[in-house]
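Letters A, B, C and D mark the chains in the order given here, with residues in each chain numbered from 1 onward.
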Amino acid sequence: MVIVVRPGATKAEVREIVDLIESKGLKTHFSEGTQVTIIGVVGDKTLLVGTPLEALSGVDKIVPIAESYKLASRTFRPEGTVLEFPGCRVGGKELVMMAGPCAVESEAQIMASAKAVKASGAKFLRGGAYKPRTSPYAFQGLETEGLKLMRQAADAYRLLVISEITSENDLAEAARYVDMVQIGARNAQNFRLLREVGRSGLPVLLKRGIAETIEEWLQSSEYVLSEGNYKVILCERGIRTFETATRSTLDIAAVPVLKARTHLPVFVDPSHAAGRAAYVAPLSKASVAAGADGLIVEVHPEPKKALSDAAQQITFEEFDQLCRDIAGMAPICGREFRHGG
Amino acid sequence: MVIVVRPGATKAEVREIVDLIESKGLKTHFSEGTQVTIIGVVGDKTLLVGTPLEALSGVDKIVPIAESYKLASRTFRPEGTVLEFPGCRVGGKELVMMAGPCAVESEAQIMASAKAVKASGAKFLRGGAYKPRTSPYAFQGLETEGLKLMRQAADAYRLLVISEITSENDLAEAARYVDMVQIGARNAQNFRLLREVGRSGLPVLLKRGIAETIEEWLQSSEYVLSEGNYKVILCERGIRTFETATRSTLDIAAVPVLKARTHLPVFVDPSHAAGRAAYVAPLSKASVAAGADGLIVEVHPEPKKALSDAAQQITFEEFDQLCRDIAGMAPICGREFRHGG
Amino acid sequence: MVIVVRPGATKAEVREIVDLIESKGLKTHFSEGTQVTIIGVVGDKTLLVGTPLEALSGVDKIVPIAESYKLASRTFRPEGTVLEFPGCRVGGKELVMMAGPCAVESEAQIMASAKAVKASGAKFLRGGAYKPRTSPYAFQGLETEGLKLMRQAADAYRLLVISEITSENDLAEAARYVDMVQIGARNAQNFRLLREVGRSGLPVLLKRGIAETIEEWLQSSEYVLSEGNYKVILCERGIRTFETATRSTLDIAAVPVLKARTHLPVFVDPSHAAGRAAYVAPLSKASVAAGADGLIVEVHPEPKKALSDAAQQITFEEFDQLCRDIAGMAPICGREFRHGG
Amino acid sequence: MVIVVRPGATKAEVREIVDLIESKGLKTHFSEGTQVTIIGVVGDKTLLVGTPLEALSGVDKIVPIAESYKLASRTFRPEGTVLEFPGCRVGGKELVMMAGPCAVESEAQIMASAKAVKASGAKFLRGGAYKPRTSPYAFQGLETEGLKLMRQAADAYRLLVISEITSENDLAEAARYVDMVQIGARNAQNFRLLREVGRSGLPVLLKRGIAETIEEWLQSSEYVLSEGNYKVILCERGIRTFETATRSTLDIAAVPVLKARTHLPVFVDPSHAAGRAAYVAPLSKASVAAGADGLIVEVHPEPKKALSDAAQQITFEEFDQLCRDIAGMAPICGREFRHGG
């Protein structure tokens, strides 16, 4: 941390800053420049939590230097994190595909989906049981019934289950049916939920908030990690910008940025970023080329009849072709992915 | 709703669109242009919820025309909503000031704050008991103890209490101590929480999500309203943009836009938007000039010693001067505000 | 400037950084922390222009500390800049109003506009002769003929003339007719144009680029100032964000931020920010309350018949009422403004 | 175009709208809904240029339906545009690589760069002669001398030359030395420059403005096309968002969106988007996977010694490896690219 001293600050004001920092057990380095004077702070910055340096009259601004997250930092675990599941490893050489409908709608729909995505190479069946919808008048999901149907379909086709939860109150129920919970973009800074997921020890796919910086996202993940739960996947799903041609703007650079900064596996959700089925395949391939560890893709037996996000779900045939293409790309990207079950 | 037909769509594809709409009991108007053909949809659009028009092959895009919210719309209650509290009315001619520290830290701090803000003209005492913090290592609030201290201080100085809740699980406890709950920016699309607040019937100040459009914000409010709870205040607190000179970018135009679109009272939080004490007064005055019904301002006995958001809290003296200035401006803005208790 | 050393950098890599800086005649301060090591750079940073510190293998990142502009900085001229014109002073106590149509369309239109805005208290007549339009098929302005008509109208009613130029090739021609040139948002980083305006010595109102940070904007102004031309007004006109309810998002906080950072006068253009006539008055009043030195407002005899930006121009009557309201607010804001000629 | 009638508009107000449209030779379709009434406009919308429909009292809003560009639209030339150059075709099956230093600095530097990029498979030598720099104190380029050096180096290694121009006044001079001009992000809406480039008939690579929507970008290209010059390449280079981990946010989805909407070739500049050399390769591969027709990459003999943008230029070795990787990916992406000269 570097403190920039306000131009014109008195010696007493500067002393006040230094004294406050040193009273907390940290050291200071003083550097007087021609235009500005700065104070470098050396030591464990967590000792300064709750110390309102910014409010001192001698302080112009505080420039953070070190990362604001610890357990998520790559320096904490340089070799990277690999999550082990029956039949697949996430974060290693294998590209892992998660696929399924936006929302679970019926037994027939989810069984057909499980069969199809398995046949194309997916390891996880995705599907929404609790749907966070912008409008209260939209379809809100089958809830527990949806989770049961997913478990049944996944078991029938030897798949793992991932599904979103939107409240800490659903965690115990979801834990009975899923292999991994998902926290969606709208709850990316629902810290109560993050903390409870951390305590549950359940693997979690944590989507980026629609206006969350990469730094803040890693801090969100820290809520889970700091409870001792290291089974976290980060999933880029597009950010909000001024461009409206797509539903969100996929921040493809987040993939290499995260690979450099954190040891956690990095996924991409091309479906929510695109908002249109036609763009899902190009964004999926781009994500793999950029270094993603896996994808989570919305696939529906009949997108035209879907109860939510109809425009962005692809058909079984489109998904199968995508998996073929990715199987072709994988070796060139230093990855393994096998098309077909 | 207007459906733009894909250029080159066959007659059968167009028929499929029309049939689907009409099967739901709505009517269509057909308009064939030189470049594009459009289908206007007439009737109650909620009949189309769950109908995946976007996925039909003949559809190029769907252009919403009518507002996506109903109960929040000004057309629903053209005269505007006024919330009645002991000693003040929100949404009428009176400008209502809410003020207090970012977080409740101690009995002495909150008592002093209550005394000071009352003396300057505030009607509500604000203060955080449950603090949503970006980092898990930051001060997280006194929780129930904080609420009790606020109630005690407010009662001592005849103020009303407003405080943030971050989980539906805190609602019952908060209801024992507060006159109004606040939903913060990070929970602006926590629909579970919104729905429960709606069911509780408690007055609520609903802040705008950091990346929420005005349209989406009104849909969020609809989650509360649709449970029969009309005691909702909307509070602009800045949006996330590329500019970093302030913590958020205060969308001052949201005030007149909301006044035109909704009957709900509109507040501004200049403290979180600014992120620096020096900008709180100019933003407060600008908000009043733009037509806000009230302000919620962070005030602390000694900002330098605050446990959170130290940089943006103003002193009692600064708050008192601000209230004087606003009392001067109020009549010119067609408002009433009395400086002093 | 603070250089953050890459974790794991060798001593030789650190030495390379220090040597490079010192070879340019600057000094370094070394601060070794528990997590990171930083090198403070002391001296005139312009000596480092063209020195690619970022590319050294030992450098993790470079954190600028001092401002990147000089002549525009308030520290350069703490008392503030006042521009003197016949009949008005910009940047002092007086609030200065500039008003007129989006585009000059005819002699009758501009004469009527001049008469009306003068009668309400404006000191400058604005009007577009060269119109930068997003579409090549839109009305592009009357060019020189428009400038002549503005001069004639301004002279008839003792007003000053401000008009936009979009190329350095129009500067000589414009200089014959205008008292101040305007550089629009789309040319905010057209450095060739900025430099030539600097050399011309003409007063200039420099609008903010639609995606320009305040820091970059001040650097743009530096292109003019560094040619010895200090007659610069900065004009906030809204930035591009995800919100579409208004044409741009007026960054009202830019007003106090600029007042703190620069000595240059600060104006606001509420018309382009709003994009709708109904929001022009609230945004105008908010700007004055936030501390703006003046406004530039689009006014048209018959907005319904305007050839460009019809939706955002207000009528003479609306402008007159706005000037009345501002005359009422001015004294409370420590300003002077007289409604009426 | 669809006109939404203001709720509560009188019959006379509606008539006024219809009459105005029909007086211009267009037809209207009337559709009265339960919530809103809309008027569809049928015919050539350019007849309405300069008709201020938005300002009519009966108009609530105008919703554009058809694209606002014509000549750039894919419907105008469904087969796509291929630009022919000696030794390469842009926009066809071949992936075209443009590479070279950010700025031309010396004969030795540009000769070495030409040799290296040619050996790796580039067809165009890029290099800046006129540099638009945010700060007036930064290196501004060698200007004409730089163009001459580029021509000489390109001729020595059978490469084509592309270089940026920043003013219409440099066009004639540049035309003597370059095979293609580049218009940079800061001049993306410098319509005077666009028009003159159109008139020159020179091939042009048009970068996206940092805050330009895809729609506006296509309108910018229309300025060139409408002068009869169809030799236009669109180049995505990142947009400005709230994320600061990269210099800009590469909008990778712009590639498939543009491929669907326009017949013009689509390139990506990964260097300016990333702002850091380490991210250039992943973004390059992602761009090819997403369907780009080519890349323009910054390569420098010794990035550590570059006079501008040192952090984002890659070495010859890094570029060679990137070209190898892309040669491997090309066939899987349905493309041709040969590593090596």
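The rule we apply is simple: contacts are C-beta pairs under 8 Å (C-beta built on N, C-alpha and C of every residue); 3 or more make two chains touch, one makes a residue touch a chain.
Nothing here was measured: the structure is a model prediction, and the numbers come from that model.
Of the two chain pairs examined here, A-C and C-D, the one linked by more C-beta pairs in contact is C-D.
Computed from the mean C-alpha positions, the centre of subunit A lies at a distance of 39 Å from the centre of subunit C.
Spacing of subunit A relative to subunit D, judged by their CA centroids, is 31 angstrom. Subunit D has its Cα centroid 27 Å from the Cα centroid of subunit C. Residues of subunit D in contact with at least two other chains: 211, 240-242, 244.
Taken as a contact graph, with one node per protein chain and an edge wherever two chains touch, the assembly is complete, since every chain touches every other chain. Residue ranges on subunit C touching subunit A, taken from their complex, read 2, 4, 7, 29, 31-36, 38, 40-44, 63, 65-67, 75, 240-242, 244. Those residues of subunit A that touch subunit D in the complex are listed here as 211, 213-215, 239, 241-246, 249-257, 260, 273-274, 278-279, 282-283, 285-291, 325, 328-329, 332-333.
The touching residues of subunit C, counted against subunit D in their complex, run 46, 49-50, 52-57, 68-69, 132-139, 166-169, 186-187, 189-192, 195, 209-211, 216, 219-220, 222-223, 226, 240, 277, 303-308, 310-311, 313.
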